[in-house]
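Okay, so subunit A shows up in both of these, paired with subunit B first and subunit C after.
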Partner chain A sequence: MYAPLEPHGGRLVYNVVEDRDRAASMSAGLTKVEIEPTYGPDGAPIRNPYREIMTITYGFVSPIEGFMTRNDVDSILRERRYRGWLFPFPLIYDIDEETVKSLGLKEGDSVLLTLKGKPLAVMNIEEIYKLGDRKELADAVFGTPERNGEVVKKRFDEKHPGWLMYRMMRPMALAGKLTLVNPPKFKEPYARFWMPPHVSREYIKSRGWKIVVAHQTRNVPHIGHEMLMKRAMFVAGAERPADAVFVNAIIGAKRPGDYVDEAILEGHEALNKAGYFHANRHVVTMTLWDMRYGNPLESLFHAVIRQNLGVTHHMFGRDHAATGDYYDPYATQYLWTRGLPSYGIEAPPYQVDKGVKVRPVNLGEFAYCPKCGEYTYLGMAYGDYKEPPLCGHPPERVSGSFLRGVIIEGLRPPKVVMRPEVYDVIVKWWKVYGYPYVTDRYLKIKEQELEVEL
Partner chain B sequence: MTYKIGLLIDEKRYEAIKNLPFATTLKSMFGGDIRVLEIEVDEETSRRILAEFPAARVDARGFLEDLPVAFKRELFNAVVSTGSVGREAFEKVFAKIDEIKQAAAKEKEYVPPPT
Partner chain C sequence: MYAPLEPHGGRLVYNVVEDRDRAASMSAGLTKVEIEPTYGPDGAPIRNPYREIMTITYGFVSPIEGFMTRNDVDSILRERRYRGWLFPFPLIYDIDEETVKSLGLKEGDSVLLTLKGKPLAVMNIEEIYKLGDRKELADAVFGTPERNGEVVKKRFDEKHPGWLMYRMMRPMALAGKLTLVNPPKFKEPYARFWMPPHVSREYIKSRGWKIVVAHQTRNVPHIGHEMLMKRAMFVAGAERPADAVFVNAIIGAKRPGDYVDEAILEGHEALNKAGYFHANRHVVTMTLWDMRYGNPLESLFHAVIRQNLGVTHHMFGRDHAATGDYYDPYATQYLWTRGLPSYGIEAPPYQVDKGVKVRPVNLGEFAYCPKCGEYTYLGMAYGDYKEPPLCGHPPERVSGSFLRGVIIEGLRPPKVVMRPEVYDVIVKWWKVYGYPYVTDRYLKIKEQELEVEL
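On to the complex of A and B.
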């Protein structure tokens, strides 16, 4: 099983019309529907469906070709399958009832979805349906301690950004196939990291990489992350080290307190620009997606998009794509070693029919050992599984949020915690936004400017 | 359950607490580049702090993190003035919570970058 692996569902979706004349004829005369962001209760934008449209049409979530019907959503919530293929999240185009009525939308129509008033994509409306109680929907998406006790430790609430995203959806939904008719131009710094699946698969081939480990990130890398990436290469190869680490940053709305997207991308890039990774063993790319922070579910989403991007393995660490203490810190490892029967996934995702082909690299945490003078492995524990630590000394754990505290107080992090070149990137974007982390103001600027121009 | 708050101690702060009993409990981290005063926080106090500051959270080590700089600064001042790392210090901080939240609200939008 060498890279690039076959796409999830067997065929890479590429619903992008680059021919301007064809795009114009497809869009001519269609009713326009402006893409509306989802807002939190305080008015901060927490999602823009344009990112899902881009992610769907460029094939990141192949075999999915559009927003989901009610049956698709029910299937996802029942057994995390989209038309038979494993997939964790409902992808819903939510809309107000008044908009449906005022535009006279009906099933069988095609509509032109516009972004900031400009054409973006055509949707062939297969179904228009009511979403019902969105709080129940949000609970069903993420789970509850009662129903999903193997991994859910606390009931989700409005402090969880992914749960809130579904909770705040408008009451109706449009479902149907999407075609991008006006491929947008990415702004800097995003443009140099945009490598959709058909491009990344060619890139991997051109490099001659056979074993490629994906690293999920929503974070500026500290050295604990770097250790995870580097050590994962030696686990993934088995008979030999892997060829490369494929960093794929999630770009979109994030929780206040996360790093700004530009710093995440350039922070990872700094690792190979400054030589901590050889450029032939490391690449930084991005996916447009408003993070759901769904820990094990998000890990399945990550496996799907990175399989479509062409990798063979995916590294999963502690608290994968998590926030707060809603999930067990090793919920993702639970999924990838046992499945999640309470969500309808009876075995690890690469062992079930129509599952993913990407193999997991499950890792616990690394921490600095002052006695060894290097990073050491702490091991992991979940259920009845427990690993001993690698060394016998008390370690110093590198917590991302502790590090954020150091930074915001104006202190340069120690070199054993963060590469100076990475810190310089943080300060570069701090000077641009007046703050190193995501704020409501940053989210509003991001919503206004987006990552693209049409 | 008990959580913790880690207060970073630079030289200036160290001067202010060096004669207090808990000064001997300071932890040196990452090869000695940083010293930290770890303060235990009971569950009720933790809940209140998390409610007052929505961006705050409990990290993988059980520490309350992503707290406003203004809160941490006031907590340090309270620790110095009460000579305590217990409830007295937190009561003093909560007495000024509106003021801290006002400062924190500005801080949520702007903190001067290091030069």
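On to the complex of A and C.
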């Protein structure tokens, strides 16, 4: 009944050369191009393309095999399709005009992309082109209230990290197929969460899972998140509960105030280790990606990578992959029930030709109801759809900033808000980095050290 | 996406004459046949066919319009089909040979069926036939370990109330279409829960519900039942939670130790009144039926009546409509995932031609997990299918007999076991009947007074 879904585009990309000799001969004599982060207006790194290179070559975004051409970018911005297949974001290798000139880069060349001076990947340059006005590019990527009024409520600006990534890109771009010639080694604790699509698909098969629901996270799990996952398992199954939750953390550029990546991964793992999920119904994995905060667009990205990872369903909650109030809080649910016609997506992504096959689990918020004695479901509302809450009592909402305050004060959060085993993980990494949340110091360390060693 | 399902058989039966003059002219001059209960070996009533007459004429079992002919019964026992449409049980109006003779009943006659001497329904006698060996009939209805080994684990006997109903039937049967000519008035508290299919379908429509999951009950709701209902709402929705739970209590023959019918109805209602379910996501209704305890067969009966009532989904838990260990505890889940080939049902009921259209929600048990702080899901197992529990902790199971002991001792059950508002309903009816559960005295009152007045 639930056969594993085929990869997006039909074939799983795996452009990784593990053979050292072959990698060396592929790289020999190539011009080296050092991978450079995108920087914000204050000079802080807000994106590192090495993560996209890893994500592309390991097949997370199959069928995409490299950075996009101008035509590819235009097609994405016109109808959110990459060579026919639904895909939300332009993947652009941006570069300075001076670098192109000084290195004498030409279309048809192959170059060796290096990370902190060490070989990472070979790119066969298919096209070198100018990006034009990056503010217009950024607006086109995310939408505007005028053009995309069904979900965009406010004009994007520099406070939006995703918009800023495109806004701050260098003026030119290299497009072309990528081959990873020096697969990096993941540092602890990342290594055990790194499960690229070909591994993940085998893992799911070996567990006998037929219905697997993906959970997107960039948070240490509060009990509200746990309950969202547990309820989503029931929704995904249709006739019985899903077999498992596939937690997939987005590891990449951070902002001050975020939870640190190490605590996010180990916090979710703690739910499994401490038995809040049965070990055979839950797994924690990661994807390298500098989050665009594109709400409905990001949800489509999530569906693509997780279909490639082998899941059958994807849960989407309120403000999915959002920041600020640019999008409607249920813009993602809008996409997955109606499509986004103003972006060229005429129907839900699983109903369109060459769309994704992952099925959505659309949910509103959960909050603790002291009268019911459990997390209750608060319902959701978008467009003309309005769902009442599950119970008739006033819920006890715990705001994120309240919880943040509790944690910063060094207090153990209330038992109904966070599992003690998860809090212990926060404390563990607090001791390492001197603060429970991301600080400027953490950002500097993270950019210098990255998640990998070459 | 979720259009209301059509009635079973395509057309909703409504053989009820509300016009008093027309009813009088239909009944005038007809031979009166007093409806007689089926009695157990100890002389206690175990079934009253008036309930089946109500259930048939109001269309709960559409397309069935009357008691069955010998051919109908043979077809049910051969392949669980009534004139082509899936249906699990023979509906038989049994009668003594002496009564047939003394009243001079003949095929082609119409008779007036009376309840406690008062007119209830007209039957057009299509056939008068002998039932033969009722022990063989009872075995054929429920199955035997030899013939139906996929789900029947033990030979049925007189301790099984459903088997006993067929075993104790009178030797002859009248078959024919029924018309209710004197719609009874329901007593309190039944009246407000009586919502026959044509009313129920309008009610669901007026609420705007698209996905509605039926809950079968013959119990005052423990919190375990409430959690089963709440989780089933999530399963039924597939892409979002269901709109509502449609509680449908089976009101009919009771056994000592059962909860009293009044407490069952008002107990479920209390969950709604006290806000454990939002008023627009939950409704409590009833069906008149002397339960057969036929586990998978009863689940098919439930699906038929609730499809006619207008739901889209039906939840099935462990030991659905079961008593004793005659059937496998997950025999119902077996039917709804694989069919019951030995009964002539080759695939799940919604996959066969002229099957039911209601979709199943198959669930195992729930029990309180003190570590998770919520009711956790324990999984299910049948055939070669085995589902692990949701969490990895040992749950705190509260046995029914422990809870019964607590209640009989006059103690308020623990908060994690029963809502106080539900317990208050038990106490209310305890005061009326002198005991919290069904006693011989309650059975006598119930048989004398029934749920209706004529």
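Following the convention adopted for this analysis, the second predicted complex is superposed on the first by the 447 of 454 C-alpha atoms of A that agree within 3 Å, B and C clash if a C-alpha of one lies under 4 Å from a C-alpha of the other, contacts with A are read in each partner's own complex, and residues count from 1 in each chain.
Just so we're on the same page, a residue touches a chain if its C-beta (ideal position, glycine included) is under 8 Å from a C-beta of that chain, and two chains touch if they have at least 3 such contacts.
Predicted model, so just to flag it, every value in this text is computed and none were measured.
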Applying the document's definition of touch, where does A:396 land relative to subunit B and subunit C: first, second, both, or neither? first
Tell me the contact category for A:323 with respect to subunit B and subunit C: first, second, both or neither. first
For A:417, using the defined touch cut-off, is the partner it touches subunit B, subunit C, both, or neither? Pick first, second, both or neither. first
Partner chain in contact with A:404 - subunit B first, subunit C second, else both or neither: first
With both complexes overlaid on chain A, does A:361 touch subunit B (first), subunit C (second), both or neither? second
If we overlay the two complexes on their shared chain A, which of subunit B and subunit C does A:278 touch? Say first, second, both or neither. second
Determine, under the contact definition given at the top, whether A:439 touches first (subunit B), second (subunit C), both, or neither. first
Which of the two partners, first being subunit B and second being subunit C, lies in contact with A:371: first, second, both, or neither? second
Both subunit B and subunit C touch subunit A; at which residues? 416
Complex contacts: residues of subunit B adjacent to subunit A: 6, 8, 10, 29-31, 33-34, 54-55, 57-61, 63, 65-67, 69, 72, 108-114
Using the touch rule from the top, collect the residues of subunit A that touch subunit B in their complex. 159, 255-257, 318-319, 323-325, 329, 365, 368, 370, 396-397, 399-402, 404-406, 408-412, 414, 416-417, 427, 430-431, 434-436, 439-441
What residues on subunit C touch subunit A, complex-wise? 227, 230-235, 237-241, 243, 275-281, 336-337, 359-363, 371-375, 377, 380, 387-393, 415-416
